[in-house]
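The chains carry the letters A, B, C and D, assigned in the order they are written, with residues numbered from 1 in each.
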Amino acid sequence: MPIELNEEMVRQRIARRIAREFHDGDVVNLGIGIPTLVSDYIPEDVRVIFQTENGAVGAGPAPDKSDLRFIGAGGRPLTILPGGCFVASDLSFGLIRGGHVDATVLGALQVSQEGDLANWMVPGKIVPGMGGAMDLVVGARRVIIATTHTTKKGEAKILRKCTLPLTAKGVVKLIATEYAVFSIEKGQLKLLEIAPETTLDEIRAITEADFTVADPLITMQGTEEEKA
Amino acid sequence: MAKKVIKPVLSAAEAVKCIKPGMSVIIGGFNYGGIPYTLVDALVESGVGELTLIANDTAYEDVGHGKLVANGQVKKVVASHVGLNKKTGQFYMEGKLELELCPQGTFVERIRAGGFGLGGILTPTGVGTVVEEGKQVLEIDGKKYLLELPLRANVALIRAYQADRMGNLTYFGTNRNFNPIMATAADYVVAEVDSVLEVGELDPNEIVTPGILIDALVVKGDNYYANRT
Amino acid sequence: MPIELNEEMVRQRIARRIAREFHDGDVVNLGIGIPTLVSDYIPEDVRVIFQTENGAVGAGPAPDKSDLRFIGAGGRPLTILPGGCFVASDLSFGLIRGGHVDATVLGALQVSQEGDLANWMVPGKIVPGMGGAMDLVVGARRVIIATTHTTKKGEAKILRKCTLPLTAKGVVKLIATEYAVFSIEKGQLKLLEIAPETTLDEIRAITEADFTVADPLITMQGTEEEKA
Amino acid sequence: MAKKVIKPVLSAAEAVKCIKPGMSVIIGGFNYGGIPYTLVDALVESGVGELTLIANDTAYEDVGHGKLVANGQVKKVVASHVGLNKKTGQFYMEGKLELELCPQGTFVERIRAGGFGLGGILTPTGVGTVVEEGKQVLEIDGKKYLLELPLRANVALIRAYQADRMGNLTYFGTNRNFNPIMATAADYVVAEVDSVLEVGELDPNEIVTPGILIDALVVKGDNYYANRT
């Protein structure tokens, strides 16, 4: 097992790594939890346009004085940047489902090696509802998963097959955890990067899924960088 | 019956009298934003029950239409997300509440289909998940889609920004969300607004919802959230 | 055969008669040809909101100075009245198909006694396209037909069955010609009014369809009124 | 590929270079209104042929995209009405032009489905008519609907009113028509506008088309109709 990392460090590391994935001009939707942190680490030379399901295009950081007429999908206050706009829900999901969103970053309960995603319910527990997640993963051009490598109990989250109810099948393209980065292409999971404090054997020990290993396998990018 | 050209500006209590026990009510809003708080509080106050509530979410148990659920006035919820209101989950688990969950993009398209006279829409969202259960799956050009059916209600309570006396509406910030679409999908539509202007004071290019969809106007009241949204 | 009437008088008479059909607050869409004239005869105490497929809600009369940024579906310049607005085509047809338009007035090539309408093409001739007519007749709450009683060659237009390609089946609720007014309810054509210069026998002679006769059968309303 | 954040402001001739022989082009407008006249004239000038033209109508033979048809640059038209352009009917009758006619409400829903990622929509329009031929008929609650499939194009040429440099758009009068929906349904979207403002000069509540849908901007030129619309 890899050495355990501080929870806040884990969250920031995953967010920092994912923030390197975007191109100038990308339209990106961030889920709640770790994905929300991604916006703090976008490189200065990359202009990303953040979209929220509830209708903000060009969302900026939280304002000094909160105004509930400008909120994100999670209910948190936001600002609208110059050049941003507001859209109604039908157009918001038209943008999402229609392929006009370049990437979405979401958390996961489980991901399968073929890119199936489970992130919306645990049977027997209270049902929260899928919100916009099912549309986002089907519609966004690139689905990026930000997740701890295992559950708090140490159970694998990257599996051969998901056991929880699916959000969608075969949609995940990239997974970033505190220990590793995987891609999924044509139904094939591949380990691209591992964190400096871990080894390939340790990754195998905490990953149930079968995966190939990139050659060369490189050190996880941006783990120790300063906040942008 | 044609709607009135000049819309009555009612108190919230008067406006929600159109909602009778057993009716379906579609309510605007997303999380804290764009809920017609004054109208919803009046509906809570009225105590009318056995309602079918169609809304994106059930807010929080002490906020907006979340109170309708907590107050036991709702027999069925159609929504995309109910996790923030503990009472919704609790009543559902106890068998006191029927719950129909839709992906959010499907939810808004179903309401639009109801308001726009469409028989349904085909969406790729939910294919291969529990959302598929009981639905027709159609394959178009080798890709699977679910057939999702229209949603309508007896009454819609929506939140807008400015109105004119003919019921034309504009929206502000992320309060817009589902409100413009919901205005099309009920037999009787009440809009809660910040202010009511004279006819001709709104730029016809900036009106989002045509007044021909609206039955009555209510000016937002003085409660905590109505003042903040 | 009834006596022949002056063509312009025919057009104005039909328009004048149909203008009496509306209630205060009705949203009405007028087709091209005779239907366009209906707006000239709306009683002063009835406020009708005219909608055009191309996106005007609350259309008013032609302006003094034409501006092609404000036109009707037929391309003619219009004004937008105070309290009117502009909508995109998807909402325009959402209003039409969704039952938010109280009535549409359209011309006809043929109408059947069961309310089938043919008004968009003649096989073998150039195909103009159905434009918005098929949506209007399916979506508007009340479909009113403004038509001469027969073709210029004297052929019946109100038939047992349409022989031309249909615009829609079973949608027409009222027919006004220069000689008569018919209703269609539950698939049953009924003669409600006849013009002063004709007789029931003459109407039967120029109407192929089977119809019942209202009791009392009254004189066509508004035929000789002044322009409002 | 992400679109550029700051949109290039091109000449019409430069902008239409993205349109190659054999491509599909979706063009805004309804009768005289809301046609991107400057862009269309440049496309006529370019002489590029074998195009599939998706537009509500084919205007008049000497007006707007009607000239594309008259000029023999179009192999197929998808439209709701072509009766005002004599060449469209003539070429169709002569077998020189393929013609697909859609009811207008179906036409706009098909484009929206193409832009919004839907697999199709069910409409009551056209049931029992020739429009039904070759289409799937579904019965929902005892009422018949036609399944109508999405429309998309390689390039969209649309007409808006004001733009900012990020491509956000507003519309004016009945020029709006199909333009906002068409902006969603092509791989490359060019908007012709009256003026281009700096970023931040448009009120975010009044923007109709988000700039993320737009690839390039062209300021309207000096031709007869561009000046009048």
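Operating definition for what follows: a residue touches a chain if its C-beta (ideal position, glycine included) is under 8 Å from a C-beta of that chain, and two chains touch if they have at least 3 such contacts.
Owing to the predicted nature of the structure, the values given are computational and were not obtained by experimental measurement.
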When every step has to jump to a touching chain, what is the lowest number of steps that links subunit B to subunit D?
1
Hey, what chains does subunit C share as contacts with subunit D?
B
Note: subunit C sits from subunit A at a C-alpha centroid distance in Å of 57
Distance-wise, how many Å sit between the C-alpha centres of subunit A and subunit B, to the nearest whole number?
30
Nearest whole angstrom, what separates the Cα centre of subunit A from the Cα centre of subunit D?
36
Residues of subunit B whose C-beta touches two or more other chains:
109, 112, 117-118, 123-124, 171-173, 205
Of all residues in subunit C, which are in touch with two or more distinct other chains?
80, 86-87, 90, 93, 96-97, 138-139
Hey, which chains are touching each other here?
A-B, A-D, B-C, B-D, C-D
Of all residues in subunit A, those that touch subunit B in their complex
52-56, 67-75, 80, 86-90, 92-93, 96-97, 126-135, 138-139, 165-169
So in the complex, which bits of subunit B are touching subunit D?
109, 113, 117-124, 136, 138, 140, 143, 145, 147, 149, 161, 170-173, 205-206
Spell out the residues on subunit A that touch subunit D in their complex, using ranges where they run on.
23-27, 47, 49, 51, 57-58, 80, 82-87, 90-91, 93-100, 102, 138-139
Per the touch rule above, subunit B residues touching subunit A in the complex are 30-33, 56-57, 79-84, 86, 89-90, 92-93, 99, 101, 103-106, 108-109, 112, 123-131, 171-181, 208, 225, 228-229
Considering the complex alone, what residue numbers of subunit D touch subunit A?
1-5, 112, 115-118, 164-166, 168, 184, 199-200, 202, 204-205, 207, 210-213
